[in-house]
Amino acid sequence: MYPVKIFCTRGSEEITSGICERFKNRLREEIRPVGIAVSNVQEFSNENIEVQVENVRGYFVVVVHTQVPPVTNRLIELFALLDAITNARPEDVLLVFPYMPYARSDRKNKPRISVLGGLVPRIISDVIGIQRVILLDPHDSHVKHYFHPTADEISSVYLLASHIEKNIFSKVSKEDCIIVFADAGAAKRFEQFPYLLKLPTAYIDKNRPDDSERPECNKIVGDISGKAAILIDDEILSGNTAIGDAELLKEGGAKNIIMCAPHAILSNKTLSKEDLVRKLENSPIDSFIITDTVPVKEKLALSEKFICISVASLLAEAITRTINNQSLTDLHNYSNVKFYK
Amino acid sequence: MYPVKIFCTRGSEEITSGICERFKNRLREEIRPVGIAVSNVQEFSNENIEVQVENVRGYFVVVVHTQVPPVTNRLIELFALLDAITNARPEDVLLVFPYMPYARSDRKNKPRISVLGGLVPRIISDVIGIQRVILLDPHDSHVKHYFHPTADEISSVYLLASHIEKNIFSKVSKEDCIIVFADAGAAKRFEQFPYLLKLPTAYIDKNRPDDSERPECNKIVGDISGKAAILIDDEILSGNTAIGDAELLKEGGAKNIIMCAPHAILSNKTLSKEDLVRKLENSPIDSFIITDTVPVKEKLALSEKFICISVASLLAEAITRTINNQSLTDLHNYSNVKFYK
Amino acid sequence: MYPVKIFCTRGSEEITSGICERFKNRLREEIRPVGIAVSNVQEFSNENIEVQVENVRGYFVVVVHTQVPPVTNRLIELFALLDAITNARPEDVLLVFPYMPYARSDRKNKPRISVLGGLVPRIISDVIGIQRVILLDPHDSHVKHYFHPTADEISSVYLLASHIEKNIFSKVSKEDCIIVFADAGAAKRFEQFPYLLKLPTAYIDKNRPDDSERPECNKIVGDISGKAAILIDDEILSGNTAIGDAELLKEGGAKNIIMCAPHAILSNKTLSKEDLVRKLENSPIDSFIITDTVPVKEKLALSEKFICISVASLLAEAITRTINNQSLTDLHNYSNVKFYK
Amino acid sequence: MYPVKIFCTRGSEEITSGICERFKNRLREEIRPVGIAVSNVQEFSNENIEVQVENVRGYFVVVVHTQVPPVTNRLIELFALLDAITNARPEDVLLVFPYMPYARSDRKNKPRISVLGGLVPRIISDVIGIQRVILLDPHDSHVKHYFHPTADEISSVYLLASHIEKNIFSKVSKEDCIIVFADAGAAKRFEQFPYLLKLPTAYIDKNRPDDSERPECNKIVGDISGKAAILIDDEILSGNTAIGDAELLKEGGAKNIIMCAPHAILSNKTLSKEDLVRKLENSPIDSFIITDTVPVKEKLALSEKFICISVASLLAEAITRTINNQSLTDLHNYSNVKFYK
Amino acid sequence: MYPVKIFCTRGSEEITSGICERFKNRLREEIRPVGIAVSNVQEFSNENIEVQVENVRGYFVVVVHTQVPPVTNRLIELFALLDAITNARPEDVLLVFPYMPYARSDRKNKPRISVLGGLVPRIISDVIGIQRVILLDPHDSHVKHYFHPTADEISSVYLLASHIEKNIFSKVSKEDCIIVFADAGAAKRFEQFPYLLKLPTAYIDKNRPDDSERPECNKIVGDISGKAAILIDDEILSGNTAIGDAELLKEGGAKNIIMCAPHAILSNKTLSKEDLVRKLENSPIDSFIITDTVPVKEKLALSEKFICISVASLLAEAITRTINNQSLTDLHNYSNVKFYK
Amino acid sequence: MYPVKIFCTRGSEEITSGICERFKNRLREEIRPVGIAVSNVQEFSNENIEVQVENVRGYFVVVVHTQVPPVTNRLIELFALLDAITNARPEDVLLVFPYMPYARSDRKNKPRISVLGGLVPRIISDVIGIQRVILLDPHDSHVKHYFHPTADEISSVYLLASHIEKNIFSKVSKEDCIIVFADAGAAKRFEQFPYLLKLPTAYIDKNRPDDSERPECNKIVGDISGKAAILIDDEILSGNTAIGDAELLKEGGAKNIIMCAPHAILSNKTLSKEDLVRKLENSPIDSFIITDTVPVKEKLALSEKFICISVASLLAEAITRTINNQSLTDLHNYSNVKFYK
């Protein structure tokens, strides 16, 4: 077993520090990293970047990267960091994506478009030669097969369900709750939610024919009237979809709305971060249950509606198991959520 | 432009002959194949097979393969056929999958399992070196990215929707119809259906907690009472799921049930083909709208409940466009369905 | 040194169990597998298969596969097993072929044919990424170079020669014995036999012009009259060739006929296994010296003419040496046959 | 011969339009593009981009990309554009880099650094599969071997030399001129300059030991006193180096200073474009001879010291020759400069 | 169809000129090469070589290389020639090996040896990227599968058999002739010979136990007494084997000995070419039937025992068919030998 | 950590023995090789070679190869040696090039030439699969990026500078010394020399227009009159360049000439080794400071002008660090030269 060094790209320090801390009761002291390893990024006058890393010979190297603005710059920085590391001859490299950039561009759903969510894994696997990758709740599960060997997939769904069970059901009667999937994709992606929580479901029908023609047919499928709606999506991006969905739910008679989504990107071309958070706070959504796969600490400092569940322990557990040659399967067992809560 | 030869593996002759016929008004006579090209399959005493093909030097070769029993033997036969063809030095090769075998095994959704739906594309792309592949309604759209370059995807959804519009709405008032998705996967996969037909939707909730606990909550989400339910799934396999869904719909008050699924595999470990068809005919489902992506002629000869829409013209059109260097995008436009009906 | 797990595909349990047992005096207890590791094969209604393996992280994994009917299904099962294993991240994988399927289809000896004996190694090496392969007496030695790195080749020839020396020469005077090669391929493949046993040779001329034209010229080249003919071939498949050869030898005056072939496939399209064995027993061949590279126990249970030399020790020795980083060269030294007899 | 479509990334329109115009007397009308082909870049709220291209089936596609800010975003856009094009199945693709981004990061000259100038070619060749690349005056000639097959290299040195001969020697006596290389790299890179112009040389010694120790030894090697110094470098980036060199030359007694560099990046972290141009105008350099490999029109609109030689004809000639299967060798012959001036 | 250029490495001019000449009635004038294309080989003081080729853009390039001394230098020259050609962007490249160097080192038949006969094809296919290769009578047929796609194999066996039929049977009664295989490899490799000529066979037993032990058993298997022995091997190298075999045949009572081998390497570490030829002339072999796959004109100028059948027409025919997209299968039909005699 | 075996090709024994000796205080005894491992090279009558190596299973294998005549034969021998080793399954392989053959053919600087300096690395990396390579002072630093992962580069420049500082400055006043670069390439390649030694520089202008036209302008740029010129080049090949440069320096008034070049190839097509050394001794060069990257012991036995600095310690240090997973960066620190002097 080799000593461990953990690197991250700029902007991913928050989650990486959290992981580092959680190593304490997991990795044996002789191999445990004392903190984030040093990688210097130099930006030249021509905007080109160059990454230099500290010595990695003989180390098991972990690299953490999550999608943060400026997204494209950080992605190229990731390529540079991995290039620097692999040519510096470590024993092994594990790349961890709390939120993989470009994961939403994962298939050609329009004619003649680029699919960077497919190209990025091939660059990482086939050109840079990374053999181990962990993905946390990717937009679609197939993306793990774009890496070779297949990336390992872990999920925050157990953490989120556990939180709902412990903290929501104490306030709202479980009998009054219903899972509402934001669209068919979320329904497929998070089909375990109603199963874990033993709740009925409703769907929001994003592709319904336009209202003018059949105004009587509702965009919400399922009976949510008088219910506490737990709205499930994989991410909150610009907030527009979430707010639109919430308004529909309110119109449909929902009493409470609790939005639950692992990835809180919270990025909007026309609003500042502060305005976006304020807009969400002023929306009909009563609370947001999210995780820290992307940095949210600062953004949400002033907000009381946001409950952030950290995935740092989950990631630390997954990395530790990889280093220790233990199975990741246990992480998909709801009764094991205590291991990394 | 090179003359065309079209090959198929054993069991795929039905659809391939149909394609050949439809070439008549599409491919110029000088390059049009007169029929299916000769490939002899020799089976030795040790069960090993060897495929020999006729001369392909200077030809644009099309290979058609669909999943037929014995599935595994036919898949190895496909590898052998492609190996024989590529080493015989054709100008170009286009592989067409009306129904790609192993397309359902397209991701690692259990720990430490094989994913042959990922391995088969890599064998075809990376070892055998096939550069052009067409997939018709694969189980999941991401599988096209397992080929390099990305496979082209076409769909029978426009043919099916057009048939419903022309033949069903004349019998059942459109106002009384509702789309029912067999599960979240079908909802995501065929989200265009309600949009094309301007119909409301309902969902069958396959992951609902078990009945004992919350018996009041219905497995069907959405109001189907008194409606003609158009049940959508991507394939009918053993029939068990379809019949179970139909019984649920009946319990929920559906007046009529029309099942619509592109791929009619109709294969059941414990029933003969005839018994399986009879069982489906005796089910609460009033009619089945399917296509001929797998051979169904013989199976359904005696059945009146099954309406089979041929995809031969669609495939012939897609192949012709590939040969003629024309875009396949038009095939995804509902108003163009007349081109290949 | 990593602990060892040994897997096999269905139908290869006989030889794999034998290997496991022979590990007892070879592998240190801490790393020795207690039995064949668990791999579950699920067959769905659509005949697709899925293999799930037990945890292999941190293990040196050995996979044993031999050609058994249904040959093609088992080959796809092997691909699935290897796919499941490699994506479950073992430390190392060694694939062992007592009899490699499709090894006879090892070159393009007719125009425009498939060569699956060339494609299978490329799938295993280039797509699945297996780096270590052991072949036992492949049909042609070149096939080991279809793997990268080159597969390791071992041979049962020393076991067979040793058996003849000990058990045949005690019954038939060595002076009366002659090696007869079944064809030029066998002569090339087993040219060590006469050298090891210090015996003269004769050849059966399989390509002789047809009899009508030059009836006087004999198909047997060399003088076998009054001799005990030890007929050498690499496998007994349908039995037709063996019996034809034996009849020629009888006509040519051979007193006894002892057939010796490592691989006893014993498979015939038109005869049941029992009838095939009976037919061989009733042939002019006095005894058959074979090995258990393919499962023969059940087939030959009732036969007294068949002497089966087990290769389990040889394979266990070769695997052990690979795990222990010892040379396999010693296995090609006749005087070392005692190590694995 | 296939009809041609020419694409460019955003920011490279200036040079691409120029190339398009120069096609007029070069490419036959039937295959000549009428303008830059359409590629739409969509930027989502999460900053991810997606490129969609018009139909390219049956076309010879040319893609032009030069380094413009924001450099990293444009580079990812290039990958997306190439991904979209290659999966849309053109006949052939030619990528043209007037100034290849990251070309200066072309080797590991410090320990454990990234070398994106090596990674970018591998992404383009090995993952995206581009087979034809043209580089104009890369920072180092070896970078062309990072592509497979080897990229084609062309140079603006003949255009620049020709300009000097025609326009400078008419004002300054050739006898008074001297080539001054900005450093050893420039000396190696542009060793043809003094040969083409038949001028003596001087060197600026960038690695001289620090002044305190040996103050008497001059940083300029060679006699420039009273001369018109033609200062050669491959690019003007932040301007600091150029101005420092010019001051040295003035100290050394140079009468005039003419700076000549193909690539005028003109980018400085601490100065606006306008201030940077003003700073250069106020420097001791009398005039700048540059090309338009990066967009300079707007930047230099108000400046009279900058003489910009367009490389559009040179690129159009090189592209035309590639399309017409003609050798590019003639472009390296000084007497042929008239073909593309 | 593209115009053709044909290149060769130094030492292969003889056969290449012959091929060129035979193009005259085969290739249409517009595309026919007028002679061997120019490739200059520069040898520097450090013995490094550099090859420069004339323009190949838009050409179908044929490269001919046969094994000639200095073998290793010529092989590296071939790599250099192919590297120069592929980076100069021809339309297509066909590599033709009348005698492939290192073809005899085609498998690992001793422990831990190099197998350059396996490495050379991988360099040519995988690194240099040559897609079309023709092999004439390789030492073992499997070597063609070391190329990807599989190389095409042609044979001089029909030319040789035809010569024997026409020229030998007129002198020696066919009834008195017998084919003698030099070893088991030759027997396997040339098993068609007795079939084509309808002759009986005998074998020379190269692995027989040493004479002291069983002096009575003959090294020749089969009855050759009083016969005209047509001794078949794939090459004559140092001559020692051939002469040894001939002496055995004489001892065995052979009346005449005619040696027939496609490849006349005629190279001996301890004898000059002249002495080697003289030694062969003085041997008991009455005549040698060989081909010109390696240059023999000069070597055999003075010899009357050597009959050289040119393969130039056969190669020209095979190249022409490849260029014209015609099958090579007809070249394996004995009745078609007239096409290239 | 694995025990070490060190191999070399024929002709590289001198430097390899030196390395072996220097392991003594570096590698722990348990893993230290006792001498050069055995690899037998067999040369057959057809000039083909075959290499056989001793057992390497479980070993960390080091292979040393330097350019020695016959260069091409030794290069093919290297490929054979590496092929034999990699197929014999060592734990790890490190290839060390004191002087990489074909390193000067590192780019396409003329149209349509071969670039074997680019092909050789790809054969070693991509076909043979070597992952670790060390280059000592390659002709151009970019060549290390032709290997994947990037090769490690080390330099003798610190040894040479240290020697000059200790041994030359004691004889010639440092104030009187000047570095003279043999050409622009050497200036770029060895720009550290004047920096390390704190000396001024001059340049020899190899591309100056021919003398007839501007006879007054000097080929030497910089003032060398009365100076001790330390002439720097990367190698001394045929000696012609060195002597020409020296004559220029003498004409320019240099008092002493000390030539310093790491690689002393000393090979001339028209002179014997002895005559070449004599010619250099009789030249105006006062002394030569070289290293033993190529074998020089015998060549220079009689010469007193040559001072040979051994790089054996430097190489032993670099190899040891690689085996011990220590950084090579320290070897690029002038103050650490004591570690390997």
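Worth pointing out:
The first chain written gets the first letter, and so on, giving A, B, C, D, E and F; residue counts start at 1 in each chain.
Throughout what follows, a residue touches a chain if its C-beta (ideal position, glycine included) is under 8 Å from a C-beta of that chain, and two chains touch if they have at least 3 such contacts.
Values in this document were obtained by computation on a predicted structure and should not be read as measured data.
Here D-E and B-C were compared by C-beta pairs in contact; the pair with more is B-C.
Chain pair A-C has a twin interface among A-D, A-F or D-F; that twin, with over half of the contact pairs alike by residue number, is A-F. The centroid of the Cα atoms in chain A and the matching centroid in chain E are 64 Å apart. Centroid to centroid, with C-alpha atoms defining each point, chain C and chain F lie 52 Å apart.
In whole angstrom, the spacing between the mean C-alpha positions of chain E and chain F is 41.
Inter-chain centre distance (chain C to chain E, centres taken as mean C-alpha positions): 34 Å.
Within chain C, residues 55, 87, 108, 111-112, 115, 118, 150, 327, 329 each touch two or more of the remaining chains.
Residue ranges of chain F in contact with chain C, taken from their complex: 55, 57-58, 86-87, 89, 91, 129. Interface residues of chain E facing chain C in the complex, by the touch rule stated above, are 106-109, 111-112, 115, 118, 140-146, 150, 153, 181, 184-185, 187-188, 191-192, 194-195, 198-203, 205-209, 213-214, 217-218, 221-222, 327-329, 332. Chain B contributes residues 132, 149-150, 325-327, 329 to its touches with chain D in the complex. On the side of chain F, the complex with chain E involves touching residues 43-56, 67, 69-73, 75-76, 79-81, 83-84, 87-88, 101-102, 104-105, 108, 110-116, 118-119, 122-123, 126-128, 237-238, 265, 267-269.
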